[in-house]
Amino acid sequence: MAAANNKVKIAILGASGYTGAELVRLLAGHPAAEICALTADRQAGQPLGAVFPHLAHLRLPDLVRIEEADLGASDIVFCGLPHGTTQKVIRGLFEARPEQKVIDLSADFRLRDLDSFAEWYGHEHWAPVLQGEAVYGLTEMYREALAKARLVANPGCYTTTVELALLPLVGAGVIATEDIIIDAKSGVSGAGRAEKQANLHSEVSEGVHAYGVGRHRHVAEIEQELSHAAGHRVTVGFTPHLMPMNRGILATCYVRMANGAGVEDLRSCLTGRYDDEPFVHVAAAGLSPSTRQVRGSNHCVIGVFGDRLPGRAIVLAVTDNLVKGASGQAIQNMNVMLGLAETTGLEQQALFP
Amino acid sequence: MAAANNKVKIAILGASGYTGAELVRLLAGHPAAEICALTADRQAGQPLGAVFPHLAHLRLPDLVRIEEADLGASDIVFCGLPHGTTQKVIRGLFEARPEQKVIDLSADFRLRDLDSFAEWYGHEHWAPVLQGEAVYGLTEMYREALAKARLVANPGCYTTTVELALLPLVGAGVIATEDIIIDAKSGVSGAGRAEKQANLHSEVSEGVHAYGVGRHRHVAEIEQELSHAAGHRVTVGFTPHLMPMNRGILATCYVRMANGAGVEDLRSCLTGRYDDEPFVHVAAAGLSPSTRQVRGSNHCVIGVFGDRLPGRAIVLAVTDNLVKGASGQAIQNMNVMLGLAETTGLEQQALFP
Amino acid sequence: MAAANNKVKIAILGASGYTGAELVRLLAGHPAAEICALTADRQAGQPLGAVFPHLAHLRLPDLVRIEEADLGASDIVFCGLPHGTTQKVIRGLFEARPEQKVIDLSADFRLRDLDSFAEWYGHEHWAPVLQGEAVYGLTEMYREALAKARLVANPGCYTTTVELALLPLVGAGVIATEDIIIDAKSGVSGAGRAEKQANLHSEVSEGVHAYGVGRHRHVAEIEQELSHAAGHRVTVGFTPHLMPMNRGILATCYVRMANGAGVEDLRSCLTGRYDDEPFVHVAAAGLSPSTRQVRGSNHCVIGVFGDRLPGRAIVLAVTDNLVKGASGQAIQNMNVMLGLAETTGLEQQALFP
Amino acid sequence: MAAANNKVKIAILGASGYTGAELVRLLAGHPAAEICALTADRQAGQPLGAVFPHLAHLRLPDLVRIEEADLGASDIVFCGLPHGTTQKVIRGLFEARPEQKVIDLSADFRLRDLDSFAEWYGHEHWAPVLQGEAVYGLTEMYREALAKARLVANPGCYTTTVELALLPLVGAGVIATEDIIIDAKSGVSGAGRAEKQANLHSEVSEGVHAYGVGRHRHVAEIEQELSHAAGHRVTVGFTPHLMPMNRGILATCYVRMANGAGVEDLRSCLTGRYDDEPFVHVAAAGLSPSTRQVRGSNHCVIGVFGDRLPGRAIVLAVTDNLVKGASGQAIQNMNVMLGLAETTGLEQQALFP
């Protein structure tokens, strides 16, 4: 990644987590980007390769503390900091340099409703004005606003997957909004690199369980977008399950069809909506999407099946939680913000097996 | 397993599959049982240890072809043969020795309705009279009939798990029967030891997908029992998913509460029903059952949660598909048939991690 | 596990780790044992089932802090505390009750040579007199001393596996002692339940690496026992590798044959030595032992192969690191100390798949 | 992958295996390549996406039978056919079109010595003249010959890994050649996609074992190259182990140092040799390479450690068996044959976690 004057200068705050590493992995192949700063408080002073050996052969700046980073030289700041810290850091960034462009991978700016934020996160928002300004970064839905955005709230992994599957269906009125039931399955990398007993190999492999049943924070984000598409308040059931694997999300959405729509109407609604999208694909009838199809890639694959229960359908969607569910979509948003082709640097195929 | 005159003589037909190995594993610790015959057509002539090295140190009869086995000396025949073959072999067993006791682990005798059988399996039943006689082997529900049975149709793994979770609730009328949605997750050992590309490690690990969406055969068995409990025909949604793990089933059941019942009513319905059961447990409020809790054991653990969707609840149940979902329940049924304590030989704890 | 006056009273110190849970799993099926105290400092006040849900249905005393436990009522104390703490706690146990019987699962009392201990652990031993008294708990080799022991130093998992494979060969002089090279592979449960980044699922699954190359502490224990068998100081190469799995150890030992011995001499040396042992088996020629054969069981399986390099052989041995490599052997030692049949409570078969 | 007149036309024979899919994955990002034909006998008539859903969104020719493929239009033929078939097919290719360039991923043309081939493969070679012409495709060692080659024998995965680690050391005389002991660990994808019981998830996960002990065919290839580097016949010990993972090879090589060399001499020998290589890296002292570092990438990482045994060292090397161990190196060779920059299309970073 040799420096070049005409390249976009990138800073990554919180580069020692999995989403940070994934940004570096993808940006290393991005022809127009150059990483200029990497921060990580606890590992400051080390090369990134000491924290992520798979990136050791890249020429990159060493990790520094956030206050030591020269962020003023950055065209784009990716922010992968923990909840809470994020709001203050980003507020500071804009105070120092109002024209800064920031893509935030945390949940801090995703909820437009400040009351909803306070309810789910337990405190008032610390940067409410910026909250109002932030553009929700589900690229396929907010492209125009993203092109002009200064602050992007990159969606969560569960929410990206669910929303790509359901937003067009809700918007078209082909499914009922009263009893949407989402059974979601996620690999463990979504929980990050923090040292938690629950994420040890011995605790995760060879088994499966649901967690956060009835109270996972991502539901607020899902409901916000579905409500927006429906034009009225939508509540959903959402039950995440931890899979004995590292990467991938499968959302199995149980829906009731509405307004006389049948399974083929749902499929053609989605096909029509995503026909020109480079990263979202509708599987042929009878094909059940697998997370293996998208491992390491920025793609989302959606399948539609009729349910045995009359009038009901099953919509399945898969993404890689660290790519389309996080860092890949962040780069997709960066491309939009910079006027680059949206697929730039994101054309890697999935890795299988 | 030294021979002893007063022990129950056991024959296992189809001993080279995982359920066969699991029967041997469990019976090796059963104080009242002695394995006298093991059949496997393709591996006939070999010791079982050549097929399953983990059982190599046991003293067992060699594998023989089914026609070479002296089944007349057996008190109990466990039948783990493929669909179709099973009906003819069991019919032959009873023709040769009408007082034989047979526990069938295949699906061949599980559906009481012959039309339903023909619909799901594509041909008329070849032993319809025996079909009428067979007792469905969900031990907790059919103990009295099992005690007098000559032929037991051991339930499938998915069905055992779902039925233990839902039968009491349907029977008590605390959930509606119109829109029961079951999202089931299974380890790959449920697919057996056959050489299928879909079950290779490279195809199964690090990923998840649904299969048989809307048309898995086990749904007929689930609906049969739920209908019986409800007193009317019940149709359910049932979507199985293949997990990147070997053992375990998790059934996440999305139900609508009925007749004014709340979540605590569901829990107390289940707690009351299973209070005296040695193998079925209701988790305390807030605890989400994991398949890791039951790996290798004959236990089933059930959890109940309120859904975010008003009026709905989520019932989660876990079993080990090869134990309570197959061979363990078969031995539990054998114990009932022989008048032994039901837990005999089944008191192993789960293996974690 | 109802109390019974004639049962052996057991206390487990440090019951919240995997070896603690494994002791409980196995003792739950031990007909002569009754667990009377379970300690865990951080989880004191909780039932064990809150820490290990797979054991939740057992009737057990709640976890208490070590100073709250009434250890005076215990016939046997299993000690699963961290290095260092152990020495002081055990010294205290004997001061309070000299006739106490203690089985220590830590490394603190395994090295007979105090200088060697100081070299590997970085400080003088804090209980040197007890160190001198402790009997090394490799059951197959020290049965007579164990029968009379007050303090047993239960061997490590790597060392148990390697020593069962090599001690008879070294003792018989059929292998050279100058260039024994041990390539060892271990599941991650050997690293315990502590919250370490290196043991996260995302860091362990789908990959393999060596660790502690040239400097793993277990080598001191291996060399101690091999030197004892050889009658002179033996140094070995020992390189442990972390496997993407939970349980199991495979030691691949590359040895040079000596004194005219050939591969069959090695095999018959081992076969002769272990012919009457219930838990150690020599695989037939050509069979390569797998950790899957011993998962969850107290067995060790050893295979012997000729190497392509003239005059060399390969000796492979497998155990379950938590059973024969830790808690199972600890119970085997308890049985010896109490004059019980050595296999009591240890007759579970391996769990496969 | 839109057609373009100035692109290199590629045919892949045997595209339905994992190495075929991996060629497609990598070539999809190769700016100078265009896939013109894909063959697979059993799946002929299907799109590749039906066989490999992760590649379904690419525009590719459908699978055809080999005799239906228009290979005359191809600049490069990659041959991923089974042993035996390969020799006849490639002979036929050159008969039809002598100027064809062929990169063979099978083992059929790797052994220069025809007697050695006959000994290991059980029959005389069927294309001995081509055998004599084939250039061994370990790119780092045979670049000049590869640049002029018509037929390349792409090395095996184990051999690539071992040879990159040991060839410079043997060539420099810093290690003895009499007792090189290689303990190799491989993911299961190296065994291909064939339907074998031994490769089922239930048989592979959660366990480890050695296989082909003392008689794996890759040893002939390893010895051929080490002998060539040494200038005399070298025999090695080589013991492969199957890991419960899909991708990756770790070779742990136990060597005796020679001619007064120490560990740092070994490291500097390797560092010097690979300093300018884009895909081979020597880890800093104390760092143990992990297969996770190279998953999905064409890199090889080598580590060197002093052994506890005086005068001995441990050399560890990792690759991804499907990339540098197969399809990645094949493309690297193609780049050399075509005069392209060697890293073209191979600059993907490893995927972690």
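Letters A, B, C and D mark the chains in the order given here, with residues in each chain numbered from 1 onward.
We adopt the following convention: a residue touches a chain if its C-beta (ideal position, glycine included) is under 8 Å from a C-beta of that chain, and two chains touch if they have at least 3 such contacts.
This one's a predicted model, so the numbers in the text were calculated from it and none came from an experiment.
Colleague: Which chains does chain A share as contact partners with chain B?
Modeller: C, D
Colleague: I want to compare two interfaces, A-D and A-C. Which one has more contacting C-beta pairs?
Modeller: A-D
Colleague: Using CA atom averages as chain centres, what separation in Å is found between chain C and chain D?
Modeller: 40
Colleague: For chain A and chain D, what's the span in angstrom between their mean Cα positions?
Modeller: Centre-to-centre distance between chain A and chain D: 36 Å.
Colleague: In whole angstrom, what separates the CA-based centres of chain A and chain C?
Modeller: Once rounded, the distance between the two centres reads 45 Å.
Colleague: Counting only residues that touch at least 2 other chains, which ones in chain C make the list?
Modeller: As it turns out, chain C has residues touching two or more other chains at 18, 189, 202-203, 205-206, 244-247, 289-290, 292, 295, 353.
Colleague: Can you name the residues of chain B that touch chain D in the complex?
Modeller: 18, 188-189, 193, 195-197, 199-206, 244-246
Colleague: Enumerate the contact residues on chain D facing chain A in the complex.
Modeller: The contact residues of chain D facing chain A are 18, 21, 24-25, 28-29, 52-58, 189, 205-206, 246-247, 281, 287, 289-290, 292-297, 299, 301, 347-353.
Colleague: Going by the contact rule set out above, which residues of chain B touch chain A in the complex?
Modeller: Within the complex, chain B touches chain A at residues 179, 181, 183, 185, 187, 202-203, 205-211, 213-215, 219, 235-239, 241, 243-248, 250, 252, 254, 288-292, 295, 303, 305-310, 312, 314, 316, 318, 353.
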